[in-house]
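One chain, subunit A, appears in both complexes that follow, with subunit B as partner in the first and subunit C in the second.
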Partner chain A sequence: MTTLRDTTTLADTRERPPIERYQGLRMFMANKAAVLGAILLGVILIISYILPLFITTDKLAYVASRHTPPLTEGGPILGTDYLGRDVALIVMHGGSTTLEVAGFAALLIIFVGATIGAFAGYYGGMVDRVLMKVTEFFQVLPGLLFALVVVALFGASTATIVIAIGIVSWPPIARQTRSEFMKQKGLEYVKAAKAIGASNARIILRTILPNTFPILIVQSTLTMGAAILFEAGLAFLGLGDPNNLSWGYYVGLNRQYFLTNWWAVSIPGFMVFLTVLSLSLIGDGLQDAINPKLRGR
Partner chain B sequence: MDQPLLSVRNLTVKFGEFKAIDGLSFDLYPGKTLAVVGESGSGKSVTALSIMRLVELGTRAKVAEGEVLLRRDDGSTIDLLKQSERAMRSIRGNDISMVFQEPLTSLNPVYTTGDQVIETIRQHRKTTRRDAAKRALEMFEKVRIPRPDKVMQDYPHQLSGGMRQRVMIAMALSCDPRLLIADEPTTALDVTIQAQMLGLMKSLQQETGAAVMLITHDMGVVAEVADDMVVMRNSKFVESGSVYDIFEKPGAAYTRALLASVPRLGSMKGKTEPERFDLVDREGM
Partner chain C sequence: MLAIATKIGESLLLILAVLVFNFVLVYIAPGSVIDALSAGSLGDASEAQIEAVRERLGLDKSFFGQLFMYLGNVLQGDFGYSPIGNRPVVEMIAPRIFPTLLLAFSALTFAVTIGIAIGTAAARRPDSFLSSGLTVFALIGFAMPVFWTGILLILVFGVWLDWLPVAGMNDLRMSSRAGFFERAVDTAEHLILPTVSLGVIFLATYARLARASMMEVLQSDYIRTARAKGLHESKVLFKHGLRNGIIPIITVLGLEFGILLSGAILVETVFAWPGLGRLAFEAVLNRDTNVLLAILTMVSVTVILANLLTDIVYRLVDPRIRTGGRA
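What follows is the complex of A and B.
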């Protein structure tokens, strides 16, 4: 074994090809639909957050006679609603409400779902059985109805809406995280971490959780889309925060005038559609970028 | 002779009613290499995992009886089977480390190799990240990783199997354990890398003075690196002794059969094509 050093250094002295640091980004960019989704979301974010900074007029002010159609001479570009308010202005301001409610709800869903899924999947046995029964309980609740009850009971503030959406939407994330944890915990690197003296908390948080990020990241974009639809549904039924007109709430307000005033309903509705579409396109792109096995399907 | 570092006494591990290990006893002396030999399913890996107290992890296995006595630095002994999980955590990696069979899957894919070794050091030693990084670099050099500073920044998938096994060994030895358990560390590697790894482990053992418990089914590996050996079959102890004695005069029929399963140099002389081994008569063993 005197030649040990020589033989070992021989084996790996050749330069390896430089590693692709931005391979994921490239895969994402290769998916044209995903790029479209990202651009779309960018435009929606600009409309919702940047443009309102430059407009100082009161969004709720009377600007032209009621039910002025879009592109009318002298009227606002997207017409007025049943109170003569500028549809374009209200839709623009409504974006941030919708996106914030959905964003916080998605965060809550991921946090609760991932935590419960991680515990159930990692510990297994009794912990798993109890947590999964709880998950099933929430899964069989009729989601919209339960959320309606929560909001009706505790008042239609942004916080209660976020919590209501969160409570009924976390089970799928919990199940997915659980199955991922069950899969990962049997792998050798987890056993190796254990053999090196890592605690359970450490293994859950630092060893396994980062390995579930690919799935959680993709899921969070899709969850956010679902949360937007949920918020729109609740708001449409009148359970939105009346102080912050979200798109769904605005659709609901205008729905009885739909036959004479289609634009005040369609335009915010279309914005919801575009936002959810952009998020799910991004989700698809991320899936491609993160999960090489699905590439080139 | 020295006091044994690790004494396994009458260890019995059950999977439900089935006994995966049935009354196993052996001693492991400081600075020596003990090979645990046996065919697949004979209980070698379960023995290793029982010593680490990892056997009950995610399986139905239960350590039914026995003692695993570890001698501490001050000369006292503790029974690992009676330690709390918290105490075991400080023993794992610190006093006893383990290297697994599959270097391809035993590193965490989402962290760089350097990070993983640094984290291991920081779990057991109160040091700054900078000092731990210095120590990790030393360990990478010690296991003869070329360009260690570069490899520390690589993710496991960027390394070959042999390199990953070196990283595993560096990680296992980073806190100066007195016992290294190697569960078939060379099985997943090709033959040339196997020889390198065995040589590496042997010289590391001389440098660090750690005892090694080597689990293998490869008699060639045993002859190469081990001082003593324990033969297991069907969950039971067959025989133990120094490698020299057993290779010279195997006491049990099964050991003879195991040794006979390795072709002898020159036995194929004059033959033009490969032949079947003689099937060993297992009756009466």
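What follows is the complex of A and C.
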């Protein structure tokens, strides 16, 4: 019976001094750069998802003579490309393609990375050694080149691109999750869970994993940014869906005309830049809110 | 010494793993060489003829039979034949290695030296604008797509200002009798813009790393001692400070070499730089799988060797690692 009483007292220690609610949110709001990032991302999401609902014109239609510069009278506001298509319209529609490919890739990265990291960190020993060797292997693979090979071998569908980005990008997440699990598994609340006979699966999923969420959330914003850059790079090299022009793909298409038509390459590229920047700013702000000690690093 | 030997052994295993992995990828990919050939030059071949080709290419062997054949070929430097270039793959790849390495090392040198200089300056004055702005610069540097930076640099410095050459490694008008020196200067000019576009991604990261590590180092006792005994500030910084402050950067250097070479593919494509990256781009357009696989192998091996080298340099720079475990 004593053991049972022990665990109840251990469980009682969960009643920590009350933590101010929304403390994290307030710290995030105090970080001007992070708020700027959130606003930027909001605007980008509106441009990519809400605005297209109100525009019914065909995005690929001919609207004005080829290479019409931006702000020309009678021409579309951001000019036309080498086929006389409206740059603003295509860039607006390109957002969802870019964000969806990158979003799915980021989900895959987090899932694979967190799973491998959790196993390695929780079980330690031989499991850890083997999994870390596998992680190291994928870390040294030159990512973009590897993705090129995969997409070239298996065809340029959205699924292949997502998988290709996912396969090469998970190692940093795995390392982070692993070190977090190693730190947490020695703590008392995990010992308590073991003492009441919780299964390993339960401890990993229900006890430790929720405590790694803060770090995983920060990592997912940064991962999302990296995935967007990755998608943009692949698409720029011509590995994308020609019917759903993502930003990177559109830059690649317009590349050979950039001497006469600087806007059709710089505007979609600028959108990639803005989106990744907004995500990084948010990630940086979240990092500060979660771990104020690292501020300014 | 034992530690270095282990590291070399591990690197060799990694290289083997990369090769096996490459083979498995091709093995499970849909479509085979036979399909491609029977659609083209072998169009009206009989069953027996196709069987003969299959046998000659070793495709009738088991999985492991084919794997060992592939490994054997690669170890002998035989990466197969490129139907597009109509040459053995090795002949296509060999002349491309030097330009890529030149670009990668140039970008790395640019990022590391300027990054360390900025980081050290920021560490000395933590409250300065330079220091507080560094985080934002780092985020901006990270967020810029390499190919976009490259195109913007071409537009500004190559077209509007007309200061620098924007394509290739040498001026096409250069006489073939131009001396070595003249050629080197010309290449250096062509190297500037690609170096900057590739280096910028890492510049801010290294500056941030250098600042963090130098701030820690500059607070330590031995720096105070060095200053107290009246050493010149530059000696304190570069001889005493940097030697310790540089260690975290060396660690990251090896790990990021893969990212560097990935970025090189995009930069080479933008600047028509005659390296492995541009060859990879052309190979993707032509679906020239053998060339792509060979490039993937070459680049992976380069990254693994770079990591090995980093590890060895690391031990030389920091004697503490030689004796004990890693901190």
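The criterion applied here is as follows: the second predicted complex is superposed on the first by the 272 of 297 C-alpha atoms of A that agree within 3 Å, B and C clash if a C-alpha of one lies under 4 Å from a C-alpha of the other, contacts with A are read in each partner's own complex, and residues count from 1 in each chain.
The definition used in the following text is that a residue touches a chain if its C-beta (ideal position, glycine included) is under 8 Å from a C-beta of that chain, and two chains touch if they have at least 3 such contacts.
Note that the structure is a prediction, hence the values are computed from the model and not measured.
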Subunit B versus subunit C as contact partner of A:G186, first or second or both or neither: first
Residues of subunit A touched, compared between subunit B and subunit C (which is higher): C
Which of subunit B and subunit C A:F236 touches, first, second, both or neither: second
Intersection of subunit A interface sets (partners subunit B, subunit C): none
Sites on subunit B touched by subunit A in the complex: 52, 54, 57-58, 89-94, 97-98, 100-102, 105-111, 119-120, 123-124, 144-147, 158, 160, 162-163, 168, 171-172, 193, 196, 199-200, 202-203
Complex contact set, residues of subunit C against subunit A: 14, 17-18, 21-22, 25-26, 29-30, 132, 135-136, 139-140, 142-148, 151-152, 154-155, 159, 208, 212, 255, 258-259, 261-263, 265-266, 269-270, 280-281, 283-285, 287, 289, 292-293, 295-296, 299-300, 303-304, 307
Contact set on subunit A toward subunit C in their complex: 33, 136-137, 139-146, 148-155, 225, 229, 232-233, 236-239, 248, 251-252, 255, 258-259, 262, 265-266, 269-270, 272-274, 276-277, 280-281, 284, 296-297
Subunit A to subunit B touching residues, read off their complex: 1, 4-5, 7-9, 11-13, 16, 19, 124, 185-189, 191-199, 202, 206-207, 210-211, 213
